[in-house]
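Pasting the structures in now, so scroll down.
Heads up, the next two complexes both have subunit A, just with different partners, subunit B and then subunit C.
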Partner chain A sequence: MRALLWLASIIAASALAFALGGYATDVYRKMLVWIALALSYNFLFGVAGQIAFSQFAFAGVGAYGVVILSYKLGLPFGVALVGAIALCALLAFIVAVPSTRLEGFYLALATLAFAQLFLVVVNEGGELTGGTGGIAGYKLPEVFGIALRGPWYTVVLVLLVALTLHLLLRLERSSFGRACRAIKANPAVAAAMGIDVRRTKVITFTLTSTLAGLAGAAYAYVDNVINPPVFGLDNIFMLLFMIIVGGMGRPAGAIVGAVLLYLAPFVLEPIVGHAYLVLFGVLVVLAILFQPQGLIGLVDRLRPERRA
Partner chain B sequence: MDDFLELTVSAMASGCIYGLMALAYLIVLRPTSIINFAIGEWAATGAFVGVGMLSTLAWPHFEGPYILAVVAVVVVLGLLGWVVERLTVRPLLRRGAAVTSPILALLGVLVIFRESLTLIYGADPLPSPPPFGFRRIEIGPFAGASQQFFIIAVTLSLFVAVWLFFERTVWGRAFEAVALNRRAAALMGINLGRVTALAFAAGASVAGLAGLLMSPLTSAHYMMGLPLAIQGFTALVIGGVGRVEGALLGGLILAFVEQLGARYLPIPSGLTLAFPFALLILFLLLRPTGLIAPREAR
Partner chain C sequence: MTNAPLIRVEGLTKRFGGLIAVEDLSFDVGSGEILALIGPNGAGKTTTFNLIAGVLSPSAGQIALDGRRIDGMPVHKIAGLGMMRTFQHNMPFAGMSLTDNVLIGSHRKLRASVLDILAGRAFVRDEEAQARQRASELIDFVGLDAYRDADVTTLSFGEGRLLEIARALAGSPRVILLDEPAAGLTAAETSRLSAMIRQIAADGVSVLLVEHDMHFLLPLAHRVVVLNFGRKIAEGTSRDIVRDPAVKEAYLGEAAGALREGAPDA
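And now, the complex of A and B:
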């Protein structure tokens, strides 16, 4: 039954890709990438309670990694993709081991410094990273003779979201997920219960950052352009806001938040211009003050009989 | 050598700005354990409030109006800080929410401030007139723009005043008591709510002053906040989160590493942008308490 539901959702989301066209396709694809990023960030921030500002930097490592390895260095695409993801995992691990030792908000500072360092390196990378202009003019190579073009690439993104969601749901319901929640609630108690706090934190950070890298690699072939501002700080704030507004610690909340905040500017910008960002700020403050469970918490309240 | 001395003045001035930003963090962080990223936007707001005052009041008669601009920045920012504390931080603290909640709420406040600034003043940078004109000043072997010396003088006096406040006044001791032990301080009759409100107001005023002081060198721009916020907490982490003098020391170290590195190290200038982040990571990993350790309870 559950498997059927998954299959139906994937088919419906893929069918949408064929129904849309032109600009709508572009919007839909980016929304899918945002959802994938929001899902993994939700696990790190909402479930495990780690505030890190490096999610987009790792998406950038994935995106730049795969494009540089395949397009600039001419490696076969499969090797480039695996290489980029491996690089993400390795970097995330290197960042995680010392910085998860830091208490509270110092993790945010360390990861913010890492994210800014990544931007400096990309901006100054010269020929290899294309500097401030980024890299353009490449396209997704054929894999086993199949060229994924048009709506079929959107299907790839749908599968990416499904894979991310499936993996994180499994993880959340496992003992590992419970360990993460326990650490978020009270690290000292979690440690007393025999949970290896540091190991759990390092694994969580490395895994979610690697998933961000995968989403970044997928993003690289959405427009076939990558440039530094996409992976900057403004977007990480947006990701944080999506989780807060949608509902911290709930995958459904992450999806709702990502869809809503990603699509809202298309509706709001013609009406209020750039002021929609002020509205987002107000929305976040209001959510934290009056509805810490986010929009998904409101949905729960509307149907109390469904709560276990 | 002349080159080096001139660099010293410029690094001192930048270091003072970073130190003020670190101080703004510290004033809020000490009694509340809240790291307030919105402080960068408050500096930008200070710059815009100052520029607004200066361009409406009969510039360039600096003697009267400039002091008015300074007062306006301190008062307006103090009020804004107080209002933000009232509306966002206090309800959360009262509810006993996790300490991350006000920090995240203040990130929302950051975006509100930045985007409001662009809506009010537009996205173009506004030039900000320096109080002593664009003259070059030489004091002994040190030469620099008048604004740089002005920044150094104002910052040093402000740090002395804040240091005296913390060390010598009852209110300062109350801040320190709350920092050491909130519960015990409350039991001693210290009004926690009032200390928190005052901390936000004072932090916002200091940040606003930093923005006003810096604006003649860079002009007032809505994107000036975030870099200042980052440099400020880098300075804070270097100097140590516990002591007022640490904030200034951290700011100066950061500015000297930045500017001496950019001038004398044989690497592309763009890469010198990485120095603060490298320094921040280094200190977080090797010496998270900073150079000057907080005072123990006595």
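And now, the complex of A and C:
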């Protein structure tokens, strides 16, 4: 029954890829990448309570990693993809190990530094990273003789979201997810119950950052262009807004928040111009003040008998 | 109660700067034994608890669990060896259901790694089902079965005390540290708690208890260690303790006379 629901959702989301065209396709694809990033960030921030600003930097490592390894260095695509993802995992681990040792905002500071460092590296990377202009002119190589182009690449993005959601739901509903919530509520008591707080934090950070890298690698072939500003700090705040407005700690909330806030500018910008950012700010403040459970919390209130 | 000491504390000392909170403290706790730690405020009871649980590391001395030194070990590792505790102030995990709170206690027994979970291996589900079954039984045992799915922040203070115990028991402890479990309970709740603690000890779990309520403690404890200014001033059965002149002087005072009649012949 549940498997059927998954299958139906994937087919429906894929079918949309074939129905859309032109600009709408581009919007849809980027929305899917945002959803994937919001889902993993929701686990890190919403479920596990870790405050980190490196989600887009790791997406950048995934994107630049796969393009540099396959296009610039000419490695086979499969090797490049695995290499880029492994690099994300390694870097995340290196950031997490020292910064989860200390309490409080240490991870926030370390990830902020990492995000800035990443931008410096790609901006100053010369020929290898393309500097401020980024890298363009590559395209997704054929894998096993199959070229995933047009709507079929959108299907890849749908599968990316499905995989991310599937893995994170599994994790959230397991003893590991429970341990993460306990650490968020009270790390000292969680430790007294036998939970290795640091290890759990390092695993959570490494895993969600690696998922961000995977989403970034997928993003690299949406427009076949990557450049530094996409992976800057502006977007991380957007991600934070999405989760707060949608409903912190809830995958459904992350999806609702990502869809809504990603699409909102397309509606709002023609009317209010860049002032839509102010509207977002107001929306976040209102959500925190009056609806801390986010939009998904409103849905719960309408259907009190169900709790996902 | 058996005689092999499960916990052995030897020469335990804790200094905070110039202040000596615990000095040269030694005692044993056997399997299935209920040992109470008493003393006036500031006598070093809570410090001793925190040393045993690993929250503090001793300045000198040793603590062994089943022959293995645990002083200086991280808190989660000590818990992992089967030493579970309750807190003096209720410390539920807010935002989680009662059942999930109790399940956190079972964490040390779960074998599933993150990779096992992500791969969806069958034993992960079995293990989780078993833990849930056990959590459900423990919620029945402490009498909170009406609140299984309740948000823990809605529990009363007394119910919160019981949750603390259920959560600690979920780890199938070998030793359970109870920090003032009867504080703030009604007389009826206190007598139910006594029965519960006797049952826990009868199942072979060592119980180490810090408590102020002598009416609750004296009939319950198999042995009592009395602290004053960080030093052990007496050790013995409840009967011995209430008759000990040094104890009367330091702590019990008037209460000793009142309790002498009620002390058990244990």
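The criterion applied here is as follows: the second predicted complex is superposed on the first by the 306 of 308 C-alpha atoms of A that agree within 3 Å, B and C clash if a C-alpha of one lies under 4 Å from a C-alpha of the other, contacts with A are read in each partner's own complex, and residues count from 1 in each chain.
Basically, contacts are C-beta pairs under 8 Å (C-beta built on N, C-alpha and C of every residue); 3 or more make two chains touch, one makes a residue touch a chain.
The structure displayed is predicted, hence computed values, not measured ones.
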| If you stack the two complexes on chain A, which partner ends up touching A:Glu124: first (subunit B), second (subunit C), both, or neither? | first
| task | May I ask you to decide whether A:Phe58 touches subunit B, subunit C, both, or neither, giving the answer as first, second, both or neither? | result | neither
| Does subunit B (first) or subunit C (second) touch A:Tyr71, or do both, or does neither? | neither
| said: So in the superposed three-chain picture, is A:Asp196 touching just subunit B, just subunit C, both, or none of them (first/second/both/neither)? | reply: second
| What's your read, subunit B or subunit C touching more residues of subunit A? | B
| In the superposed arrangement, which partner chain does A:Tyr219 touch: subunit B (first), subunit C (second), both, or neither? | neither
| Does subunit B (first) or subunit C (second) touch A:Tyr41, or do both, or does neither? | neither
| field | Set of subunit A residues, in rising order, touched by both subunit B and subunit C | value | none
| remark: Residue set of subunit C touching subunit A in the complex reads 53, 55, 74-76, 79-80, 84-85, 87, 91, 93-96, 100, 103-105, 107-108, 110, 112, 114, 117-118, 120, 124, 127-128, 131, 167, 171
| remark: Residue positions on subunit A within touch of subunit B in the complex are 49, 51, 98-99, 102, 104-106, 109-110, 112-114, 116-117, 120-121, 123-124, 233, 237, 240-241, 244, 274-275, 277-278, 280-285, 288-289, 292
| Contacting residues of subunit A [partner subunit C, same complex] | 167, 170-171, 174-176, 178-179, 181-182, 185-186, 188-197, 203, 207
| field | Touching residues on subunit B, where the partner in the complex is subunit A | value | 35, 87-88, 91-92, 97, 99-101, 103-105, 107-112, 114-116, 118-119, 226, 230, 233-234, 237, 268, 270-271, 273-274, 276-278, 280-281, 284-285, 288
